[in-house]
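In what comes next, chain A is part of two complexes: it sits with chain B in the first one and with chain C in the second one.
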Partner chain A sequence: MFSIPTFLDSFGPLFWAARYTLLISVLGIGLGLVIGALVCAAALSSVVWLRRIAGLWVSFLRGVPLLVQLLLFYYLLPVIGIDVPAIFAAVVTVGICASAYISEIWRGAINALPKGQTEAATAIGMAPPDIWTRIVLPQAITLSLPALINELILLVKASSLVSVVGILELTRASQAQAATTFRPLEVYLAAACIYLIINLCLAAFGRYLEHRMAV
Partner chain B sequence: MLAASSVEIRKVNKYYAKFQALKDVDLSIPPGKVTCLIGPSGSGKSTLLRCINFLEEYDSGEVLIDGSLIGYDTPGGRRMSGRKLRDMRRSIGMVFQQFNLWPHMTALQNVAEGLIRVRGMKKAEAEARAAEALKKVGLADKMANHPSRLSGGQQQRVAIARAIAMEPRLMLFDEPTSALDPELVGEVLNVMKALASEGITMVVVTHEMGFAAHVADQVAFMEKGELVGVDAPSGILHHPEDPRIQAFLKTYHERNSF
Partner chain C sequence: MEWSILQQYGPMLLRGFGLTILCWLLGTVLGMVLGLVIALVQRYAPRPVGWLVQAYIEVIRGTPFLVQLFVLYYGGPLVGLRLDALPAGILGLTIYGSPYFAEIFRSGFRAVPNGQIEAARAIGMAEPTIVRRILLPLGLVSALPALVNFSIILTKETVILSIITVPELMYQTQRMSTETFRYLEANLVLALFFWALVETISRFGRRLEKRITGYLIERT
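And now, the complex of A and B:
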């Protein structure tokens, strides 16, 4: 029989574990946005070897499962003599992986702008830095918002993978609790609800941003 | 009266890979006059126009604005620096077929942006100047609208205001009415006529033969990358000698009569 009290009692400890899920997702996407911007700039640059590096970066990180990347990075660090907490390794790996997708999202948005947008600015004598900050980026960021929110939601769900390096995030915590209470159905349903709440909030935030930036 | 530039085009060639888009084009554009470029699609009119502000890089020959070469340091020499090129472009306004307004800015911001970024004006001063330019094209009541809230004709008039606010000495129009619904063409042509009467140099790529006949001081006909003839409008449009011009006008009249 499904026990409603057990289901409700599961929320407390799971919410506590969800802080790792949130921390890893938010820091991961933050890092991903910064590195993604740099990779995107490299991919669009006129310097050939920068474009090559960006291409390799994106191919590797999109081509290797995040789970494998996490394990690789986690076991690589001690080998090269770096001792960091698991949570740090997890955030960095998630951020680096996200950067590959984010750089492609931005590259797509920038390339989607009609050529006339920059031509009009060039024709009145605007300098390239002004063209980027005033004409290209404001439009590209607006265009890329739906895809970025999508990426953030995927990341929240992918954060369950960091349990392989020993972090007790939401999914790992629910497994543990299911094992001790012998009530897997109640516990996993509670976990599902928490993921859903987080992602519905993110989607609503995304819609709010889109609405505010719409022209 | 605004100060007006002259343009001298000498033996200009332009290639896209193997395809030659401009073939030894020579054209003199006198200051303060309206020059219309006409001809079939793909004849190189727009390419030639875009060479004048170096949006299109010509491969050989010279384009001189008030006697100074644009795009290269010396004829056939190195590309000129970005800064020098920008300085030259400041006095050349351009209006595009697709308007190319910036959709994330209001009409007023579209016009003020160049004044702030290129002319270094304070925001308040730039917006006052932009408002004046918009009033001139009859859009005083649309300044707060984004482009998506304007008709095609209104968008093109904002684009003209954006160009004239910079006080150019030369205005380039690249098929400014080709993307417009027929009933909106007149309002844009009227603004252009008013501008022409102020004595600014204008180069207009157009399919509007009426505009060419009534407003132009000279009409240049192009075909297959060549400049076939330049003359007063009556010469080209009413008494053309070259059979290529005759053929073009015949098709034009057939299409536009019913």
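And now, the complex of A and C:
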């Protein structure tokens, strides 16, 4: 039967492990933002082969399950002579995977801006770099914020897969806990609750941003 | 890579692939059905039931699929729900997909102009007939692109079933690589295979979408 004390006792150690879940998601989205910006720039550039590479990048990373990507990078890095801790490989994989989605979010945000604005800026004699830094990017970044929060929520959930390569984040910790207490139901439900708390907070933050932007 | 390995493990991998497709099809279809039911309940049931359904949607969408599977497969037996890996996996996929499908249906229904439903009521159509003849066909047209899109996303989620030992493609590939020590090659082939699969399904999906949308618009 379901035992409430076991359920409540599971929270302590799991909360402690959840900081790795947060760390991987936040670093992952940070890396994803940087690479995503580069991929988005390539996708929007006038150079054909850059656009092709960006297209392949996005299509491959969105077409291959994250679990397969994780194992691929995990086994690939030692072969090409890069010896890094597993957590580093995990963050890089999550970040690279996120970059494909983020570049599409930004491309959508940039395309959503009315063309008249850049035309007007050109008409009054603004230089292209100025148009980008003062007209396009500030608006596109604000416009993309809710979608980026959404992506962060997806990453928090996706980070559970990192447990497969042996990183002691929330899911891995709950597996260990379930194995020692023989109470998988209570432990995994507690883990689910922690994920839910994290994601509800993020979703509330996203709604707050959206609300502020709507004004 | 030694291609003889692929020859030796070919039948096993093919079986795994068949199971991947089976899990995906069943999970998608059942998830869609459950999602449709949820969307209809949300539209017609009284408030308290609607809140319960909303809570279900939030919980499933807020937790990782892997953790849901663990609760179902390892936690289930503690409350008398004893399932083999395969049924647990398909049930997991169904539950995981249902809130997303429900939201897709809900926004599809919202896109049906209110005037059409009011007009149907005015000419004396019964509520079930309105659902069947007006809400569903019109709602489906606008929901279709999102339905196809989410079904494609579900293909990628099937690999997670390998973690609870459903012997689908990923599971068989891992078995092959631990037996032959060819981890990198096996995962590379798996990645390329999934890339091709998802691209093919997306392309097919876009075509299907155009056809069905055209057909439904003609009929309604």
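Following the convention adopted for this analysis, the second predicted complex is superposed on the first by the 207 of 215 C-alpha atoms of A that agree within 3 Å, B and C clash if a C-alpha of one lies under 4 Å from a C-alpha of the other, contacts with A are read in each partner's own complex, and residues count from 1 in each chain.
As a working rule, a contact is a pair of C-beta atoms (placed from the backbone, for glycine too) under 8 Å apart; a residue touches a chain by one contact, two chains touch by 3 or more.
Please read these numbers as outputs of a predicted model, since none were measured by experiment.
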Based on the superposed arrangement, let me know which partner A:30 touches: chain B (first), chain C (second), both, or neither?
neither
Partner chain in contact with A:188 - chain B first, chain C second, else both or neither
second
Per the contact definition in the header, classify A:166: touching chain B only (first), chain C only (second), both, or neither.
neither
Quick check on the superposed pair: does A:138 touch chain B, chain C, both, or neither? Answer first, second, both or neither.
first
More chain A residues touched by chain B or by chain C?
C
I'd like to know which partner A:72 touches here: chain B for first, chain C for second, both or neither.
second
Touching A:130, do we find chain B (first), chain C (second), both, or neither?
first
Given the touch rule stated above, what does A:122 touch, chain B (first), chain C (second), both, or neither?
first
Could you say whether A:114 touches chain B, chain C, both of them, or neither, answering first, second, both or neither?
first
Share the list of chain A residues that count as touching for chain B in one structure and for chain C in the other.
none
Mind pulling up the chain A residues that touch chain B in the complex?
114, 116-117, 119-128, 130, 134-135, 138-139, 142, 215
Which part of chain B faces chain A closely enough to touch in the complex?
53, 55, 82, 86-87, 89-90, 92-94, 96, 98, 100-104, 113-114, 117-118, 146, 148, 159, 162-163, 166
In the complex with chain A, residue positions of chain C that touch it
58-59, 61-68, 70-71, 74-76, 78-79, 156-160, 162-163, 170, 183-184, 187-188, 190-191, 194-195, 197-199, 202
Chain C-touching residues of chain A, taken from the complex the two chains share
1-2, 59-60, 62-69, 71-72, 75-76, 79, 153, 156-161, 163-164, 171, 174-175, 178, 183-186, 188-189, 191-192, 195-196, 199-200, 203
